[in-house]
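In the two complexes that follow, chain A is the common piece, with chain B as its partner first and chain C second.
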Partner chain A sequence: MIVLPWYRQDGLFSGASALFQGFGGNAWLLPGVVLALASAGLSLQPGWRKGTAAMVLVVASMALLVGQGFAVGLNGPNWPGIVAHFPAAAEGQTGLGWGGFIAGLALLGLLSELLAARGFCRGERFASGAVVIIVALLVLFVFFPILKLGSAAFISPDGGFALVEFWGRLSAPELWRLNCFQGTGRCGVVINTVILGTLAALLSTLLGLALAMLVARTNFRLKRTLRAISILPIITPPFVVGVAIIVLFGRTGVLTQLGADIFDVRPTRWVYGLPGILMAQVLAFAPVTFLVLLGTLEAINPTLEEASTTLGARPMKTFRTVTWPLLRPGLAAAFLLAFIESLADFGNPLVLGGGYEVLSTKIFFAVVGARYDLGNAATLAMILLSLTLVAFWLQMRWLGNKSYVTVTGKSDAGLAAPVPQVIKVAAIALIVPWVAFTIGVYLIVVGGGFVTDVGRLDLSPTFSHIVTAFSFEFGENGLRLYGSAWDSMITTLWVSAIAAPLTTVIGILTAWLVARQDFAGKKAFEFGTMLSFAIPGTVVGVSYVAAFNVPPVDITGTMAILVICFMFRNMPVGMRAGMAALSQIDRSMEEASQTMGAGGLATLRNVVLPLIRPAIFTALVYSFVTAMTAVSAVIFLVSARHNMATAYIMGRVENGEYALAIAYSAVLMLVMIVCVVLIQFVVGQRRLGRRKELQGAGPAPAE
Partner chain B sequence: MSDTAIEFVNVIKRYGSAVAVDDISFSIAKGELVTFLGPSGCGKTTSLRLIAGLELPSEGQVLIGGRDVSRDPASERNVGMVFQSYALFPHMNVLDNVSYGPVIRGGNKAEAQAKAREILEQVGLAGLQARLPSELSGGQQQRVAVARAIVQQPEVLLFDEPLSNVDAKLRRKVRAEIRDLQRRFGLTAVYVTHDQEEALAVSDRIVVMQAGRIAQIGTPQDLYDRPATPFVADFIGDANLIDGTVRGGHFRAADLELVLAGDDGPATVSIRPERITLQTGGPSKVLSATYLGSRTEYVIETGAGELLVSRPISEPAMPSGSAVSLHIAPGDLTRVR
Partner chain C sequence: MSGFGVTGAQAQSGELVLYCSVAEEWCRVMSEAFERETGIEVLMTRKSSGETYAQIKAEEGQPRGDVWWGGTGDPHLQAAQEGLTAEYQSPMLAELNDWAVSQAETSGYRTVGIYAGGLGFGYNSDLVTENPPACWADLLNEAYENDVQVANPNSSGTAYTLLATMVQLMGEDEAFAYLAKLHNNISQYTQSGSAPIRAAATGETAIGIVFMHDAVAQAVQGAPIVTVAPCEGTGYEVGSMSIIEGGPNPDNARVWYDWALTPAAQELGASANSFQVPSNANSATPDAAPKLADIKLIDYDFALYGSSEERSRLLARWDAEIGSLPQ
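Now for the complex of A and B:
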């Protein structure tokens, strides 16, 4: 803090330190320097950890750090009155640099030491530090942006309250109109969003149920194929399905043309709007609901159904009175999950929306382009967030109160009742078009990039799109990449490769803290991490724009903001995987390690991590894949220098360059598959290596 | 250096609003083996974990070797612990499990392994160093767990129901081994069990706990012969608890009258079943007689209620329904209230 540059300026070492800045006019930095020196002095004394003085100092320093950061904005003071004491504040300050960052980190470290000395986390210093740092990160990168966004909704840019404007925006008829029900035009955005969410959730739950029934309760022959197909959408960028639908059903689409020829009708743009978005979403979410419902169905104890049958009930009656009621909570969970996904979906409405506006796209258009209106975007984002949180809360309540799992721990002897014939036929009738459709979509994704213009039915094979995107040359100066897509591809790989391990670390660490440590506020901590998962990507995107465009944390346009965004959006998945794995492992092994003198970190490394390797793999793969396919949040955060593949593809779609977009998507998916296999290879290899080493010698020392 | 290895000073441990350990104070001398004994949920494990540092007290102090460690985490205390489930690391072989502590504490790897080998030899596992825990029998795993706990010469060795996973036959042998090791290494040990026979067999002293508090501390003989409360009398061995009154150096309950010094007033006495002798003919009746191999247990109906009596089979059997009289020597009853 004394030596490293306080502000984020051009280079790492070209800025001035706080001390220098302090005497150089920005006098508000001086108290911080004094406090830091005092803390350093105190920590030299024995027994300082348990004293009150240290606590007071650290808390005061943190308050000062945060206070000074927010007191003075980029172009002047945020709070009037500061200028009177510190004249230089009128000129403003830029974002924090390394000095500020390290000062913050050091203070957090001190705080955690002090807390541990007071028995926080059973006095375990590493755990205490981890909690403090993760909480600080969550506050900074999840809650602070949301709060900032929330305040942007009713505080005008010049600092005054703008409640009237807020109310005006909130009650605008373009949000709440019900015209479409009266046949007099379009509905409001909120209504549109809810209609789309409800329909998409309903249809995908139905489809998911049909799939789950066939897989779990019949001897249907294509079970394995169904399972395999249902995995596909997980590695598919969300809007690719949308593009494929345009190619199939758009005005010049393959099937539209075919239909037009056969039935001699004029091709229309019917697919743009609700029908198209709905189709794309159902296709994308059905696998999710399928997995939820399959879990529910497989958890129903077959002996219950068997009992009903032996009591003389016919299959239909058994289904209605036993299976269905047990299934209902699962259905509710699946429905709400799909509803939340639909609210958060951004790619498909953007590609297929036409005039049908939903909240996520509306938010996007409120901040990009000429009509930049953060206040409006913030208001819309708050509405979207509220809708999502209500659904999330309902889901939590539902799953919290009703235990629909009837697994007893004993192996269930009974045979699951086969579903009634009627239901089976209905399910197959639903599934067949879905499978055909999915195959069609993926045929286009695989083949569309290699024909001249799949959008206009010019099917002559060509590599021109791939060449446009990915041409390269080995010249005298080594490898040269000409293709237009290389930049975004390389950025994407970098960002994903950096974000995936970080996400895994923070996710698994959080899981370990929640599952194994005891500390005040643990419930709130757990809830906070889960909440960060519920926030729709679009909302995260705008909130980052609102929060990190200005000092003290000014990181928009950097690669860091992309990585950070992925870290906090995907950490709950790593956390869940970690918690599931940890619940299988006897806690006394870790306690044994502790009594033998291993601190938290050593225990984690030597005992916990080797035992939960599969969870680590899951978390790595998931965070890698999501980072490569996500659109909603990153589209707000990309910059000309750091563009992501999905954002680039999105741009091509908007220009109508479907073939290029599809070709790129196919390459992206291929790269993903290769990377996943690679991760598996690396993680698997490491395990083997370790085993050998362990058998030969003592436990592996720190690497 | 003092002779006290462990000391609890008014220790309280709360979980939310529930109190698991309620204002406990005691001290354990160096080289002693002390058992925590009590019914399920009385706070034995919690007390043990407080010594280990796996829990920190909500109030009060824990001292190990005279040093206040109340706020120190487990990793900074020098204790060894044998867990109920053994908690061996499944991904490390026996040698690595045992040398884990010395290596973690910053020892040289070769030295650590030499030390581990030595201990393994002493517990009779020399040939099994390269095996994984899953390739060992339950008894062998137990010994690895003990070896792992003592390899660092801890100030205190803690056992949490170490024999509950060992079958009944082996239990006696293993518990003798543990006692032998503890004596041989001169270790201070704390042992948790809810099996009173086990406690009587291995302990120098026993701490009887009840609902988070200490009911009585004493040598096995103290507790058996002079229980301080009805709870202790009943929990350690079998006891007949009789309510009555004391007046003028005599205890009376219905037609029962026994010599008992002490203050006048209502009282409860405890009489061990094997301290009552029976003779044919008298005011009481044999309700049931149960043959148990080495002894016969009678339930006798008396004016003071039903009493349990245990007699060696060398004495003539009293058939059920016969009339008997009871004899109790003055030293064989203990006032517990």
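Now for the complex of A and C:
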């Protein structure tokens, strides 16, 4: 506070400290300095942790920190009347620097210390600290941006309330009109979005179910191939699938031409719009629904189905009355996931949309296009967020309060009922075209980067696209990278490599807090962490732009904002994986550790973490891969200095340079596979060690 | 919290943040050549000129770019008028063609012409075999229903040039009536100005309205594209360059500015399949480039149509009367 620079200037480390600034004219910083000195003085006295004075002081300091940050904007005061007290406020202040952030962090540390002394988290200092810091981070990077975005929808740029404008934007006919049902033109954007989401979710759930049935309940031969193919879309960068679909089904696409020749009709642009987007989304989401449904299907206790068969029910009746009802939670979860993904999907509608507008693209153009209109973007983002929340609510309603528990302590030695023949045939009939389609798309993705122009079907082989993207040479100044893709590639790798471990740490820590600690407000805490998962990426992107391009937290255009964005978007996945793993581990080992006198941190490090390594691996891989392929939030946050691979690919696709985009995507997929194998290699070795540990240390946990 | 340190060294090291509004390929060739010649590292972003204008406007408080190179002149003039770009008189001005110097004079030396090119359209000769279109009026033919593409004038300078050209050629109300009729044949308003001709080259659309040099570029690369200079006459662009006011590396920005006006730098365009007419009188015009002398050019009023009020007014009218029409 006294030494480190308060403001972010040319660099974070240059610049004056708060003390210096305080006397140098920005007098509003002085009370903070005084409070800091008072706290330091107080902490010299014994027993200060329990005193009321310390609490008052810390709360006052925090209020001051937040207050001063928001009171004075970049170019002047945000609240009138401040200038009267602090003349220098008229000149404004920039974002916080290291000093400001460390002061904030120190205050949070003090607060958690004081709370623990008062019995919060049963006096566990580490847990108390973790809760306080995670809550602060969630407030800063999840709730604050959303609130700011919400207010941008209601408040006009010059500061007044703009309820009339808000209502005008909200009720605009271009959002809600239903013309497509009456055959008089296109529907509104919201209607389009809902239609697309529902269809995409229905079809992907159906396809996922067919896949899961074949893999879990039949002796279908190509099971392994199916599993392998279903992983592909997860590591595929956005846009490429859209481009491959254009190459196949566009007006001059291979298959469209073929169809036109056979039926002797003029080839059309039929794929642009709903059909194309739907195709691309189903291809991308079916694997996700497959994994969800496979889990549900495998967890159904076979004794129930066996009982039904023994009682004389035909396979179809067993399926309808036993299996299907038990699948309901899985179906709901799969449908919801696909629906949310479809709402948030941005790449496919952009490439294949034609004139079919959805909310995510509309939001993008309201922020990035020449018609920059944050108010409109905020309104649209609010609508998108409400749609997501309604979907969540409907899912809860449908599942109701019925019990779906079939895995109990009792023996479940039954045999799973085979799928009725009709359903098996139907599933195969669904799967075969899907597999053929997937293979076709990925052939183009692999091959398209190495031919002259895949869009015009000029198939002479070439390496020129790879050279354009990744050329380099050794000159007198050492290695120089001239390829146009290097910058974005390096940034992407850095961001993913930094974000993945951080995401894992915060996710697992949160899981541990929720599963193993008791503290006031735990339910709200859990809900808060899940909220960041429910918010569509586009909304996150816009809200970050609205919240962080002005002081006090001025981080747009930096790499930090990209890392932070990924951390809070992917943390719920690490958290879920961690909670699932923790629920399988008996508490007694941790209790033993604590009885022996180990604190929360030591128990977490020595007992819990070694036992949940698979969950750590899942969280690492997921957050790494998502950071490499995500586009919806990132597209708003990239800058000339920190461009991401997906944003670069999007530019190439928009400009029609399909071959370059495809070549880059192929390289990106290769890099991802290598990285995942590397992570697996590291964690895999440890896993062997863990087995030994378990055998040796199992009976007598912890020393 | 370690991430906050990343913004660190933003000082005047050997860097230049370039906002580039021509074809990506040309942006790349230019950045690479500049890096080789000066050792200054170029951080380049390619965006349409309308989008770049919007970005510079949005970053007004804290400019993050140094030079805005390329793109149609109108948004450059608007930025100049609003003080978003800095005044600079390059020693190279004396070598430039009149139209390039007059662009600089119109803006009070806040921008300068770097190339010129006429507006026209290109059609795919595999798809359009009978009665090839030769005039603007031919594009209204019902045979081309859902088969013409042009960019959205809000994001693309190319499309704004079309709008301004029609207003100057026909009168404002007639121009909007024409565009409303043309709307029936438009399959999609793209973001990027040159995307329509790329779509025509692959056969995704039959006709793309673009600058003629963009159509020529596709033909040179082997696409079945025929370039048309419309018979009624047409407008043209003076592609421009501006230094962003308050950018992080002003010295390097001037180094780029002077370098980009030299014949050597301007002749790089042809190697990147860009066939504009360069602004330096000593630069060789590529053979394939459509010669301005061969085109019936209107007397394009850059000062008026590059002004903030006129541009905003025309775009608002386009949004209200054309952009909102059902497709």
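Please note the rule applied: the second predicted complex is superposed on the first by the 658 of 703 C-alpha atoms of A that agree within 3 Å, B and C clash if a C-alpha of one lies under 4 Å from a C-alpha of the other, contacts with A are read in each partner's own complex, and residues count from 1 in each chain.
Rule of thumb we're sticking to: a contact is a pair of C-beta atoms (placed from the backbone, for glycine too) under 8 Å apart; a residue touches a chain by one contact, two chains touch by 3 or more.
This structure is a prediction, so every number in the text was calculated from the model and none was measured.
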Touching partner for A:Tyr272 - first (chain B), second (chain C), both, neither: second
Which of chain B and chain C A:Val607 touches, first, second, both or neither: first
Which of chain B and chain C A:Ser639 touches, first, second, both or neither: second
Contacts of A:Gly599 with chain B and chain C, given as first, second, both or neither: first
Touching partner for A:Ile564 - first (chain B), second (chain C), both, neither: second
Partner chain in contact with A:Arg397 - chain B first, chain C second, else both or neither: neither
In the superposition, chain B vs chain C on chain A residues touched: C
Residue ranges of chain A in contact with chain B within the complex: 50, 116-119, 122-125, 586, 588-589, 591-600, 602, 606-607, 610-611, 691, 694-695, 697-699, 701
Chain A-touching residues of chain C, taken from the complex the two chains share: 1-11, 17-19, 23-24, 28, 32, 35, 39, 43-47, 50-51, 53-54, 57-58, 61-62, 64-65, 146, 152, 154-155, 187-188, 190-192, 194-195, 198-199, 201-205, 221-223, 315, 319, 324, 326-327
Chain C contact footprint on chain A (complex, rising order): 8, 10-13, 74-75, 98, 101, 105, 174, 179, 184-186, 246, 250-252, 269, 272, 354-355, 365, 368-372, 453, 455-456, 458, 468, 477, 480, 482, 484, 487, 498, 555, 557-560, 563-564, 639-641, 643, 651-652, 654-657
Complex contacts: residues of chain B adjacent to chain A: 52-56, 71-77, 79-81, 83-85, 87-93, 95-96, 99-101, 103-105, 109, 112-113, 130, 148-149, 152, 158
